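Two complexes come next, and they have one chain in common, chain A, joined by chain B in the first and chain C in the second.
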Partner chain A sequence: MTFETVIQSIFTSLFLVSVIRISTPIIFPALGSLVSVKAGASNKALEGLMLVGAFTGVMVSAYTGNVWLAVLCGMVVAVLISALLAIFHLYLGTDLFIGSLAVNMMCSGGTTFLMYIITGDKGNTGNLASLSVPNVHIPFIKDIPFIGEVLSGHNVFTYLAFFLTFVIYIFLYRTRYGVSLRAVGENPEAATSLGINVKRVRMTALIISGVLSSLGGMNLSMAYLQMFARDMSAGRGWIGLASVSLGGKKPLGTMLAAVLFGFSDAIANQFGSLDIPAQLVTMIPYATTIIALVVYAIQQRRAILSRMKKFQKENEEQLKGAPEKSE
Partner chain B sequence: MKNLFKSKGFREFLRVLIALAIGITLGFIITLFVSESPIEAYKSFLFGPLTRLNRIGDWLEDSLTLVLVGLAMCIVFTAGQWYIGAEGQMILGALISGVVILFVPLPPALRITLAFVVSAIVGFLWAVVPAFLKAYLNANELITSLMLNTIAIKAFEYFLKYYIMPEGSRTLTSARVPKDLQLPSFIPDIPILSSIRELWMKQTSVSIIVYIAIAAVIAVYYLLYKTPFGYELRTVGSNKKFARYGGININRTVLLAMTVSGIFAGIAGTHLTLAIHNRLIVGMSSGMGFEGVNIAILARLNPLLVPISSLLYGYMRAGAEVMERTTDVSRELVMVIQAVILLLVTAERLMPTIQQRIDHANEGNNINDGKIKGGINDI
Partner chain C sequence: MRPLIDLINIDKVYDNGVVANNGVNFSVKKGEIHALVGENGAGKSTLMKILYGMEKPTEGEIWVNGEQKHFNSSTDAIAATIGMVHQNFMLVPSFTVAENVVLGDEPRKNGLIDRDAVLNITKDLSDQFGLFVQPDAIVNSINVGMRQRVEILKTLYRKAEILILDEPTAVLTPQETDDLFIAIRILVKQGKTVIFITHKLREVKEISDRVTVMRHGKMIGTLDTKDVSREQMANMMVGREVFLDIKKPKIKRGEKRMRVKNLSYVSEIGRQLLRNVNFNLYAGEILGIAGVEGNGQTELVEVLTGLKPAAGGTVLIGDCNILESTPREIRLRKIAHIPEDRLSNGVAVRSTIEENIIVDRYFQKPYRNGLFINRKVVKTECENLIEKFSILTPNGKLPVSSLSGGNMQKVVVAREFSSEPEVLIASQPTRGIDVGSTEFIREQLVEIRSKGTAILLVSADLSEVMSVSDRIVALYEGEITGVFPDASKVSEKELGLYMLGVKQQTYEEMEKYL
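Let's look at the complex of A and B:
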């Protein structure tokens, strides 16, 4: 394959489909992270929660044959684990970052441990007949030539991810609970004085972020692939975390940032067919994350500087006048 | 005696002890459910590392790597930076020392020294990127360091596959490090000790890194608590605003904290190549970079306690390996135990509630017979 064919393939509907497909497992943890960040308790255990979600989903679907029960169980387990983290952080004084690392370690070790017990394999659950969620073909839209190919035929989780972006937006900005959640994040003391129970709100936020991450994990193991593999989240939780700061801590921005990372991932996949060493190609998404963070940081700094200059100009008289008065 | 029980150090020691007990008990309960011979399995986990000399060697070797990584994490955490890039620094340190050992034509002693120096420099330089981004652009060091870890691992695989792997080799490993280029044993080559030295050399590869690790512990302690730089580091870590008010150059401190920590992680990488694996092999760091986080936390960021917590973690690692090899329980169990311990150790409000009640009761006693108590304490 030559470079030209790769470039050409980027402008096909297939490429856009793969962007959407790859972005989905980043959008979920990114939204989860967003909710917890907004409540002032940034959940960094997304990786681990994705893993338990993915693992539970695969196991329950393989042994009960019911996909929706599996999804439910995956969410319930994630609720339990994020509640454990929340209790340790909020009521027992564990630092949230260290607690998150502990949860990540527990989930990574625990899923591998259980996988070995159940399947006798430490790598993946390829020998289990687990199920995947169905794909959705949207009526009418699927018949439109280009758009139909891009928008229709994805799995349920993909639509859920984009739908949840709007749900989270409405939750955070248009509901009473969302407003108090943001208040807790911005000024816990003021929120307390208004009678908001800070700990309970943060607990809810951490649990919501856990559920969202577990959906991301199940998207990996029940749609993206049809099995669980050891440490299959592969840094997506952390990239989700980066999406939040890159997206300006807003739902739509976060989602777009996650899609940007999905885009770079998809391009890396395309380059994979060229004669470039695979190790270098797989670096691309991680390098993109760093570059994106840097660009964002520089832009932020510029914005602050220009605001400062504007303030200086507007208040030039006052700033000059101040020392005279004191004399 | 009362003062001892009341002291902060003792309380923290007690908390670590309780956390350990709970973690190990929980591990046993899990083993009961999954193993056909749970008692056998847990025995090999708890006592396995002590049963043979080569297992003791494995334990000490892992612990020594962990000491160096733990020290690296101590430095950055003391500066209040959530930087966990030790894994990447270590793997690159291992890579570069492998390159030096295999390809630089120098006499053995010089080559080994060069390997140490170069890997320390590489560890230092690798941290410059996230440190610079954090200090001057305020980019989240946690994410950048994690991403750089993955990039470092991929780079390791790339260089190994395309430049270092001997031609015709089927597995993704480098050539073995020749015997005379491996790190010498930690037991000095003198007649009285020659038989012990031979035995240890045959069964283990505990090398002179013992002395380097001890020196590193003292150096980091000195650096953090006895130098102006250490003072700046601790001030930045505990109160940034105060540090700025006091005229400390925060950017420089943050930059140096991360890069200096890289020196120790890089040396840990050299230890991996020249003593433990004796070649470059994919996955040679086996997650030790992340375990450094646990070790630093368990040691309460005190460099002098790092060796103790490293020996503890190294013991658990070695025990888990023995358990996996001899019984049907896999070693990942130990990750769960370690996570529980980490959660419990950092749960600061778990113990004090009990402790406060004891204190309260004691205070009452002190008022009642204050004079007698005071007299005893004076002596």
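Let's look at the complex of A and C:
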């Protein structure tokens, strides 16, 4: 493949479809991270929670044949694990970051271990007949050329991810509980003085972030692929965490940042067909982010310094003028 | 008539053994403004935390409106119509004024927060009680006075009838204080009762109907304000004669220690906060900066101590421009700094008293022994300082957070003074601390000045600037508007005109005195 064909392929509906497809499993943990960050208890166990969600979903669907029951079970397991993390952090005084790391390692090791016990395979569950969630073809829109191809025909999780962005916005900014949650994150003392139970709110936030992460995980194992693979979250939880900061800690911004990461990932995939080492290509989204943040920071600094200099200049002129006045 | 609030025989002993309240009886009548005064650490705040449900008394009874109460949290106190405005505000900075007022109890429509109602409720409350606020302004962007009014509105929204104001004027400018007093009078006229904690005796006289004095955790007495003079109150508070005037030996000032030339500073958002400031500091002289708060004093101190970069100018110590230096390099040149905000810059609250005292010198001999800190030296040194500066603590191994405000400040002063500075930059050295500690710190300032230290004194308390300083400059909008070579020969009124920019000396007039 030549460079031109790669560039051409970017301007196709197929490419946009892949951007949406790749973004979805980042949006879920990103929203989860957002809720926990807003409550002042940043959940960093998103990776682990994605893995247990993905694993549980595959297992339950394979053995019960009920895909929705599988999704429900995946969420329930995530609730239990994030509640455990919350109790350790809030009531037993564990540092949240250390606790999160423990959960991540436990989930990574635990899912691999259980997979080996159950299927005899340490790599993936390809030999299990697990299910995937259905795709949705939106009436009318699916028939519009190009737009229909891009917007219609995605799996349930994809639509859910974008819909949840909106739901999280309403929750955080328009409901009493959400507003309290943000208050807890910004000034826990103030919240306490108004009778808001800080620990309970943070517990809820951590559980919500766990559930959202598990949805991201199931998106990977029950839509993106149709099996569980060892450590299949592959850093998406961490990218979700970064999306929150990049998105200015706002729901819409977070979602857009996640899509930006998805976009760079998709481009990396396209470039993968060129004769460039794969490792270099997969670096693209991360390198882009770092460069963007550095440029932004440098610009900010420059702006401040130039403003200072400008004022200083005006000042010197004033000083030169001063003795003349008094003469 | 039965008092609205009756606290009977309140004892409070903290887990660490500190007795904060000892058999305190305190009662408040409906509709009065009741001042509660006492030195820092006298137990006023503890008593009010008990009334507001934040602390449980070890012994004693709380009666509100003829009913005995057992508060488990402030929620219970709020339900009993008690509201409290804390000294450090309890606001959410990124929320609007209105969102803060209704926080936790927002009006709803169809399950969602009714944003229009949020704004209207705030506006109505604001109108009803004459507490002007902008309901849709973000708290981050409003000034301290308005933040305080938001706090008061918060309590009123929760139907408070009894308002506890914890040192409300400590953070206010004189103008804002006047506004607050007007608001308090309106509140009382509408049937509210106000408990006003302070240690500014002038304010007690001005605003309160009755006054209760506390000392060392005990109640000394409750009196009608009109029957008691400021001197009497001061004596009740400290239990001895207070010298509001300072004895200052006349000495001749020495050589120039610090030369500030054309110093300018521009804030990150482009506001020019210092404009070509010129002055010299001399050995053995206290130079006071007189100015209404927010006219560049904070920035001046932070630039001189290396905490903020200057936009232009030079600050010379000998021949060296210290604007290029880091804070530690500046300190090593024997420039000491008492920062304005003791809690965030003066001490590390969770560290011990000892650690706070050696933090500027642990890396030097004799405090260092090879790679390690020489604990023995640290211990004896700190014990000496604790005694010399009469810091009230059982030992130096306790965290600074266990001390009252006045004693915390003494830790800062002990550190800065014991480094034997050649130049001392003291910013608000006595803000928010009790009369006894204030007097002590002022005396210490005069003492090291007499021993030859050059001192720059910045204080929001004009009487402090006038009584402690030898020479005064007035600062207005980041510019020096006047210099007064003999502090004892200028009147408060005259100084005020320069502080408010009404009068201004020309540079030629000032030059030889700067």
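By definition in this document, the second predicted complex is superposed on the first by the 287 of 327 C-alpha atoms of A that agree within 3 Å, B and C clash if a C-alpha of one lies under 4 Å from a C-alpha of the other, contacts with A are read in each partner's own complex, and residues count from 1 in each chain.
One rule holds for everything that comes next: a contact is a pair of C-beta atoms (placed from the backbone, for glycine too) under 8 Å apart; a residue touches a chain by one contact, two chains touch by 3 or more.
All figures in this text were calculated on a predicted structure; none of them were measured in a lab.
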Q. A:289 contacts which: chain B (first), chain C (second), both, neither?
A. first
Q: Using the superposition on chain A described above, determine whether A:191 touches chain B (first), chain C (second), both, or neither.
A: second
(Q) Applying the document's definition of touch, where does A:101 land relative to chain B and chain C: first, second, both, or neither? (A) first
Q. Who does A:44 touch here: chain B (first), chain C (second), both, or neither?
A. first
Q: Give one of first, second, both or neither to describe whether A:88 is in contact with chain B, with chain C, with both, or with none.
A: first
(Q) In this superposition, which partner touches a larger number of chain A residues, chain B or chain C? (A) B
Q) So which bits of chain A does chain B touch that chain C touches too? A) none
Q: State the interface residues of chain C toward chain A in the complex, per the touch definition above.
A: 73-75, 78, 84, 86, 89-95, 99, 103-106, 108, 111-113, 154, 262, 264, 266, 268, 270, 272, 275-276, 311-312, 506-508
Q: Write out the stretch or stretches of chain A touching chain B in their complex.
A: 44, 88, 91-95, 97-99, 101-103, 105-106, 108-110, 112-113, 116-117, 122, 235, 238, 241-242, 245, 277, 279-280, 282-283, 286-287, 289-290, 293-294, 296-298, 300-301
Q. In the complex formed with chain A, which residues of chain B make contact?
A. 34, 82, 84, 129, 133, 137-140, 142-144, 146-148, 150-151, 154-155, 157-158, 161-162, 290, 293-294, 297, 330, 332-336, 338-340, 342-343, 346-350
Q: Mind listing the chain A positions that touch chain C in their complex?
A: 170, 174-176, 179-180, 182-183, 186-187, 189-196, 304, 307-312, 315-316, 318-319, 322-323, 326
